[in-house]
Amino acid sequence: MLGTYIENVRKCVPLVHNITNYVTVNDVANVLLACGGSPIMSDEPEDVAEITAICGGLNINIGTLNKRSIESMFTAGKKANALNHRVLLDPVGAGASTLRTDTALKLMKEVKFDVIRGNISEIKTLARGSGTTKGVDADVADAVTEENLEDAVRFAKRFAEKSGSVAAITGAIDLVADSERCYVIRNGRPEMGKITGTGCQLSGMMTAFLVANPDHMLEAAAAAVCTMGLAGEIGFSRMQEGDGNSTYRNRIIDAIYNMDKDTLDKGANYEVR
Amino acid sequence: MLGTYIENVRKCVPLVHNITNYVTVNDVANVLLACGGSPIMSDEPEDVAEITAICGGLNINIGTLNKRSIESMFTAGKKANALNHRVLLDPVGAGASTLRTDTALKLMKEVKFDVIRGNISEIKTLARGSGTTKGVDADVADAVTEENLEDAVRFAKRFAEKSGSVAAITGAIDLVADSERCYVIRNGRPEMGKITGTGCQLSGMMTAFLVANPDHMLEAAAAAVCTMGLAGEIGFSRMQEGDGNSTYRNRIIDAIYNMDKDTLDKGANYEVR
Amino acid sequence: MLGTYIENVRKCVPLVHNITNYVTVNDVANVLLACGGSPIMSDEPEDVAEITAICGGLNINIGTLNKRSIESMFTAGKKANALNHRVLLDPVGAGASTLRTDTALKLMKEVKFDVIRGNISEIKTLARGSGTTKGVDADVADAVTEENLEDAVRFAKRFAEKSGSVAAITGAIDLVADSERCYVIRNGRPEMGKITGTGCQLSGMMTAFLVANPDHMLEAAAAAVCTMGLAGEIGFSRMQEGDGNSTYRNRIIDAIYNMDKDTLDKGANYEVR
């Protein structure tokens, strides 16, 4: 049962270093606090090695990358690897520009990631080594559906095998796979797509789950995905007439704050293929 | 009736590239999603041309400008012009510093803007080619009132004519003008001034309205102003005892999320002069 | 009574220049507006001298420092000193990295600060001239408790004397001291630690209090601490089943928005030692 993995986060209070975009960074910090972790942000090359050294995990998100922060991603990533910390890549917008695609691919070569979490278009771009995406959202043509699920699961496993990282591909149906097993997760609500940064928030939170469950990368990543999706369901159930995406954002973070082992065990909706 | 213009945004789902300040960027993203658009942020010179190419509109906001982002503004602005995308300038703090004033004026020379949206002090600074403002808020001495309305309308039209851009001047009374017609808008609430970034949010949303209504710059800009102001009224009506500016911020974004053609048609409060 | 000091903020509407981290900057802006101040952000070296010149106070927060913003901190700090503006330092993460510690110490040498506000681990690092902290949160071993209060008060006074700045050390028990007197404040709630940036928010708000009460640095700083803590209590009293840290964040800012002289006079919980 996945509830144990969030319980471990609350016990461990993992300190997570985030090199992340300035659009959603505040929500990433509050979600990390909500799930029981502790966030720290730093993206200056001269600062990141020491900051990442005092943490247990590193979350690299290329959402508003620039020359300075890219340098920091490599420096911090290598340092985290050297210290055997957990490291996650969120390749925001890979496929939308050459700089984003190339940075993500180069990071995958020079840094060992425990998990790569993105939407299906971003992960397909990384699998192909090039590609195009419609901005930071997944292309409809790429969407994982009940019809193409078999193929998508196979793709996720193969990507995990080739990259050496757990693949966490989120969308209407979420896939979290290593080379042999794939969690197919059906939590969440379509309205979550109307809130900026639920993916970024998930990546930050997932890094805390990885740190707190060092021997269970696949299950920890799946538990984080279920936590986010279930929080989306619980938050939605608390919406009232006239509420919209801003209140929904607060409700989801609140639901993560209140998530416990039992709630997650009961609400997590997944199968393993 | 202006309701059609938001309906078009929801149908078109315009992708808007924002080079904007880090203070209010998260709200800008959520407001863009609330109105039916889709946001993407990028401010690295090497990244912006490709990012803006996949979008339909570009929102340039100089609120926390720096050397790097300034370079990106010119690169992206020229690229957007070359692709005939809609482009908007929000000259935050023009008049408050030489760098801000000069950057805004230089942008106006080298980039063709469909709309320039700012407070009256900022726009007066741009009209004069120099000036001083009290920080990022309009100077009281500049305020558009019922008493000086005739003059202000004339000023707005002349600014639009000279700049070649629709002028969107927001305050207690909002003016949206091209060289011949001026929407005088009386939506909104004074308490909106106690929330950071309602102007930035409006600029992001307005860019989506421009993209979705390419043949109606003036009306689209006016519709965005009415949407924001009306959302301010609706949001305020939902405030409860003990609520303050933080809840009000959420309520306004929620109201935009729920805004439809009929609500906007009925609630928009304007005259054309 | 401390209520007078917030009343003065609402009368004066102090314009505060913030060079602050991008994690919590939006909340800092909204808290400044909530308490009656007016925020402006700028961190480009070429921009900051003019921006700080039009303000009454400068809030320097090293939370996500980089080479560019560090240069801006020195430029703005010296300019603010030359103009006799109020200046505050928030040494986020001092002790967590060499760059942070060294930057804070060098700022203290070259800029005169009216107040230095941090957690106990950060302030101890500055007192020693070096040190380690657990990320951006205070180390448990450093915590100010009823048991070590005498020593902590003595430490705060000595730090104030040596640094020439009022020391505002926040935690479960808050200490605000000059060389002779120390406010020992017992407002606040432990749940505030589950919201990112309550410290940053306090620093921004405190700067407004300093500007509006130029002859009472110690009392103004203490009043700001009581305002934040009391808002934390009031906000918590409005929490409902299912609410969490995201709603709590909104409730606290709302409570600051509604804070008046009487509420602060009645709710402030402090003694002077």
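Chains: A, B and C, in written order; residue numbering restarts at 1 for each.
Just so we're on the same page, a contact is a pair of C-beta atoms (placed from the backbone, for glycine too) under 8 Å apart; a residue touches a chain by one contact, two chains touch by 3 or more.
Just so you know, these numbers come straight off a predicted model, no measurement behind them.
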{"item": "Chain contact graph, described as a line, ring, star, complete graph or other shape", "value": "complete"}
{"item": "Same-residue or different-residue interface between chain A and chain B, half as cut-off", "value": "different"}
{"item": "For chain B placed onto chain C, the superposition rotation in degrees, Cα atoms, nearest 5", "value": "120"}
{"item": "Between chain A and chain B, centroid-to-centroid distance (C-alpha), Å", "value": "33"}
{"item": "Junction residues of chain C, two or more chains touched", "value": "22, 26, 249-250"}
{"item": "Interface residues, chain A side, partner chain B - complex", "value": "21-24, 26-27, 63-67, 93, 96-100, 132, 134-137, 194-197, 242-247, 249-250"}
{"item": "Residue ranges of chain A in contact with chain C within the complex", "value": "15, 22, 25-26, 29-30, 33-34, 38-44, 46-47, 50-51, 54-55, 68, 234, 238, 249-258"}
